[in-house]
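Down below is the structure, laid out as structure tokens.
A, B, C and D label the chains in the order they appear, each numbered from 1.
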Amino acid sequence: MKRIGVLTSGGDAPGMNAAIRAVVRLGIERGWETFGVRNGFAGLMAGSFVQLGARDVGGVIQRPGTLLGSSRAPDFETVDGQDRALEWLARKRLDALVVIGGNGSQAGAHALSGRGFPVVGLASTIDNDVHGAEMAIGVDTALNIALEAIDRLRATAASHHRAFLVEVMGRECGYLALMAGIAGGAEVVLVPEVEVAPGDVAAEIRAMYERGKGHAIVVAAEGVRGGCAALAPKLAEAEIGFALRTTILGHVQRGGTPGVFDRLLGTRLGTAAVQHIAAGMTGILLGLEGGAIIPTPLGEVVARRRELDPALLDLARVLAR
Amino acid sequence: MKRIGVLTSGGDAPGMNAAIRAVVRLGIERGWETFGVRNGFAGLMAGSFVQLGARDVGGVIQRPGTLLGSSRAPDFETVDGQDRALEWLARKRLDALVVIGGNGSQAGAHALSGRGFPVVGLASTIDNDVHGAEMAIGVDTALNIALEAIDRLRATAASHHRAFLVEVMGRECGYLALMAGIAGGAEVVLVPEVEVAPGDVAAEIRAMYERGKGHAIVVAAEGVRGGCAALAPKLAEAEIGFALRTTILGHVQRGGTPGVFDRLLGTRLGTAAVQHIAAGMTGILLGLEGGAIIPTPLGEVVARRRELDPALLDLARVLAR
Amino acid sequence: MKRIGVLTSGGDAPGMNAAIRAVVRLGIERGWETFGVRNGFAGLMAGSFVQLGARDVGGVIQRPGTLLGSSRAPDFETVDGQDRALEWLARKRLDALVVIGGNGSQAGAHALSGRGFPVVGLASTIDNDVHGAEMAIGVDTALNIALEAIDRLRATAASHHRAFLVEVMGRECGYLALMAGIAGGAEVVLVPEVEVAPGDVAAEIRAMYERGKGHAIVVAAEGVRGGCAALAPKLAEAEIGFALRTTILGHVQRGGTPGVFDRLLGTRLGTAAVQHIAAGMTGILLGLEGGAIIPTPLGEVVARRRELDPALLDLARVLAR
Amino acid sequence: MKRIGVLTSGGDAPGMNAAIRAVVRLGIERGWETFGVRNGFAGLMAGSFVQLGARDVGGVIQRPGTLLGSSRAPDFETVDGQDRALEWLARKRLDALVVIGGNGSQAGAHALSGRGFPVVGLASTIDNDVHGAEMAIGVDTALNIALEAIDRLRATAASHHRAFLVEVMGRECGYLALMAGIAGGAEVVLVPEVEVAPGDVAAEIRAMYERGKGHAIVVAAEGVRGGCAALAPKLAEAEIGFALRTTILGHVQRGGTPGVFDRLLGTRLGTAAVQHIAAGMTGILLGLEGGAIIPTPLGEVVARRRELDPALLDLARVLAR
């Protein structure tokens, strides 16, 4: 019989609610009590808890966002902030904590773990840059939203023989841009990991124009040098053949109704979290790797970052012809 | 037995293909021949025609954009441009032309009509600012795309207790912003027709924050003074309580798969165009008014502009409480 | 200062929640108190009320179904059932009741009204067969769901050169079938209002097959003689050329996220209900007619039924060539 | 320099077009020529080929179905049928063939391979029952369509306090039912692999009703004994507490716009097919296993069938509480 906590932290991601629901219901199956922490680590430092029963997580699996709320909490990087959190965890007599979030959140999880508290992290971020997780919760849904936007822009691009520059999320990681770009049949994909001079991008588009392509879609991660705000005027000046329009997708990518993949992934990760806590395996991140849920020590997770596969960038180029 | 032309002009709108299809198939029913003009008035001046049979418009009703291509053609405002168009219309022995587009396109239609050529205009623009049409082709689909984005932003706003500023299309007309705002339950709606000082907007949001609202959505038309790019920093400075994020929807609003409303409207307008040409009634715009397809003289259409109903702005405010 | 009740009855329809929300918030604007009745007339007879404040209808505009619950309540057709309802209305000191539903529900509204209680009905049914409403709440969303299914079936029909028979809702009224059929480009549309012999349907499909069409979509209302269950084997036997598959859409048509049209319609009708009650105008149904919200006496509503426009059936046939 | 063929066979699946496109474009990259075979093995026996260039597969990645057409071709099981196919492959001087389809299609691929022709199979079937592929092309999109339907039915079930029985595809394999059921939060999931007496199903639903659940969703694969047509009346008779409604999703599950997962999977499989043919590795099926594209000998593929993970059935039960 255990008492466990669960929190969501950092940017919200579709599928977080499926993970919370699985933690709660699998816990009940074992006779445990589960307490949600409101608004991530900020709520943990402030002692903002709510007990969660089976009915409290009814009807949430299809909801975007996180029912627990989330926040970014720089205070938690201080020893003082962690002290307050540990005090609350002790006062509420919790035996373990599940932390659902991306790299920043797992750094927090690692800090708590380093202070001796049993923590299990679940990879959740639409950037998909967590080491130990080939697909984090939220990535698939965010990709589908970006893809839908690209499909729509292609329709209007084709009607007007235009080029569109589409900025998708990803400050340091081009995963979303690359995968949405390949799936959307983008003519050019730009990621922060590989810098390409605007002149070279323009020359590539111009060459497509001259080969007779009727329109072009350029998908860029927000983290490309200067962002699309800087890139767009440079492309426009460079005479790419097509008239250019820019769209910045922004936060709509986060808020979609979670698809099957993210609901199942959240469910499997939440299930595995309870199993690992029951087995006394903590200080780990659980993530999908090679199609299975695999534990990785939190120390390794925070020391590394998931890298982009450069072969996929080449593939994007070959497919765009 | 007639030979008629059809073109789409200005911004593309979902449902244009349904209108083209109806013109072609209703024409065939009467034994007519129909010629599509490529890329709007630019193609008309250049003599770019393609004959359209029943099979050429098969499988197009569900496609976004326009199969004929579109463009903005400032040349057509000159007498010389119109001369070239009239020459081509004569050379192809066309008896009438159907012009599908917004205010700019109907100005072109009116010019041709003034030069003695039989023209029927069909109102199509996602701005919904054409006099003679309470709902233009494309408006409903664009509204649904904007609404879907607002629903998504609300999910992430609620998770983070944030405010979102969402810019939707509409340079001179706030229809899209107002209707999507009401349907999306927006806390504040901003339109070009009614200027509101940024300080007043900020105060309104701040008041909601203090009343305990967990998040706020502000929907603004792109035509509000300075656009969202200017408004956002002013709101952020004004201490509205919530952290603020901005999303600019842009051209994704045009490219959606047309919904039922736009397919039926396009179909009804295309059908009515053929009927009016057969009856010798030209020099008119056909649009939905009071639930029926009504003709309005093109001269009246270009002299006026559809206005926003100020009562709806008040309603938006009452509903947001 | 008034106390009013609101209930939803009969089949649920997307947009009912927008109407409830508008009734509550417009009531608050006037200082009124609003009470929701749970589960339609069944709840009214059982005295199942819940007071609704501004926050109770927050976040509901985008939800399908009805937050108040609904039911079919044959008891309410008896004088005894109505007596119980009137007793509860008196005991709760309600001044008026808003009844959101289709023909059966408006018959209940009319009965209460005939007993002297002030009632305003709002037309809501995906069958779209209410006299006094050219578009009832829920129709547009249901049409879009049916359309999406037809688009999908067309994709698989085209891949396999098949015919699909699609049954959409509509026991006595073919509106949904006809409109979804036209918007989906159906080859044949079958409605309960016009009986067509299965042999004639088969001959029509066979003719298309012989003209070289690659596939065919037949959209039928559930109310066609025998339903699709009876029709399908007759078509299959008749050698239509194509292999035939059948899909029965069923209740998925009800449960969609309401689109812009239904949210705005629900909002406008709920708003008008409060205005008409304030003005002492009751015993009426409010519905969209000619693009405006118009009152029709409940006695007239229950005596008639909205008819299908036969010209649209012909149009469907012409467009299918 | 090679000449290769590609065909799609059996039920169409979203993502087939992405696979065809990748085969064609990766082939061009190597200077190969690619020939599409129309309508699967039927077209192969009849010599129905079409050469595919880069532009022929432009704009197809987002289209559902298969641009090549598909069919079921029992003739191909005969030696005579295979002889005709081999003759055409020789006459067209093809070096290898890519076969995109499910178990039946891979049996055809295996037959050709056994006759000495170089074949690479790509797993594509919404049943997800191909050995050698943990996720076949089309499964993710079909799951999302089924999930969307379940979400919608839940909305109307909740409004009316009803139970819904939803039949999804899967004649011999319950994968789709199980995964859509877990993701949709179904109260009960029924699969062909594990027979459950209708009385036990009814007792389970009744118990939920008595525990106070407001509604229930039962997801069943079409292959459960007797299908839902037989199950529904038995449940209805057994007094489950709720009124019961049945929906049979049918072929809408096939025809969706492919999502990111299926477009990427199709792209990766098509890419790998060209690479394996170039390397002289044929007589294999390529499928996703453990997150990577892995070859499995066709002989092994046809001898086995992918099995359902029974642990997931238990998980579905635990999560439903």
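Everything below uses one rule, namely that a residue touches a chain if its C-beta (ideal position, glycine included) is under 8 Å from a C-beta of that chain, and two chains touch if they have at least 3 such contacts.
Keep in mind that this is a model prediction, so the values were computed, not measured.
Engineer: Can you list every chain that touches subunit A and also touches subunit D?
Structural biologist: Both subunit A and subunit D are touched by no common chain, going by the contact rule given at the top.
Engineer: Starting from the mean Cα coordinates of subunit B and subunit C, work out the distance between those two points in Å.
Structural biologist: Chain centroid spacing, subunit B to subunit C, equals 28 Å.
Engineer: Using the average of all C-alpha atoms in each chain as its centre, how far is it in Å between subunit B and subunit D?
Structural biologist: 40
Engineer: If you average the CA atoms of subunit A and of subunit B, how many Å lie between those two points?
Structural biologist: 35
Engineer: On subunit D, where are the residues touching two or more other chains?
Structural biologist: 151, 154, 158
Engineer: Go through the chains and record each pair that touches.
Structural biologist: Every touching chain pair, ordered by label, is A-B, A-D, B-C, C-D.
Engineer: So in the complex, which bits of subunit A are touching subunit B?
Structural biologist: Residues in contact with subunit B: 8, 12, 39, 63-66, 69-71, 145, 149, 151-156, 158-161, 164, 245-252, 254-256.
Engineer: If we count contacts the way the header does, which residues on subunit B are in touch with subunit C in the complex?
Structural biologist: 18, 21-22, 25-26, 28-29, 54, 58-59, 61-62, 134, 140, 143-144, 147, 151, 154, 158, 179-180, 182-185, 257, 259-261, 263-264, 267, 271, 288-292, 315, 318-319, 321
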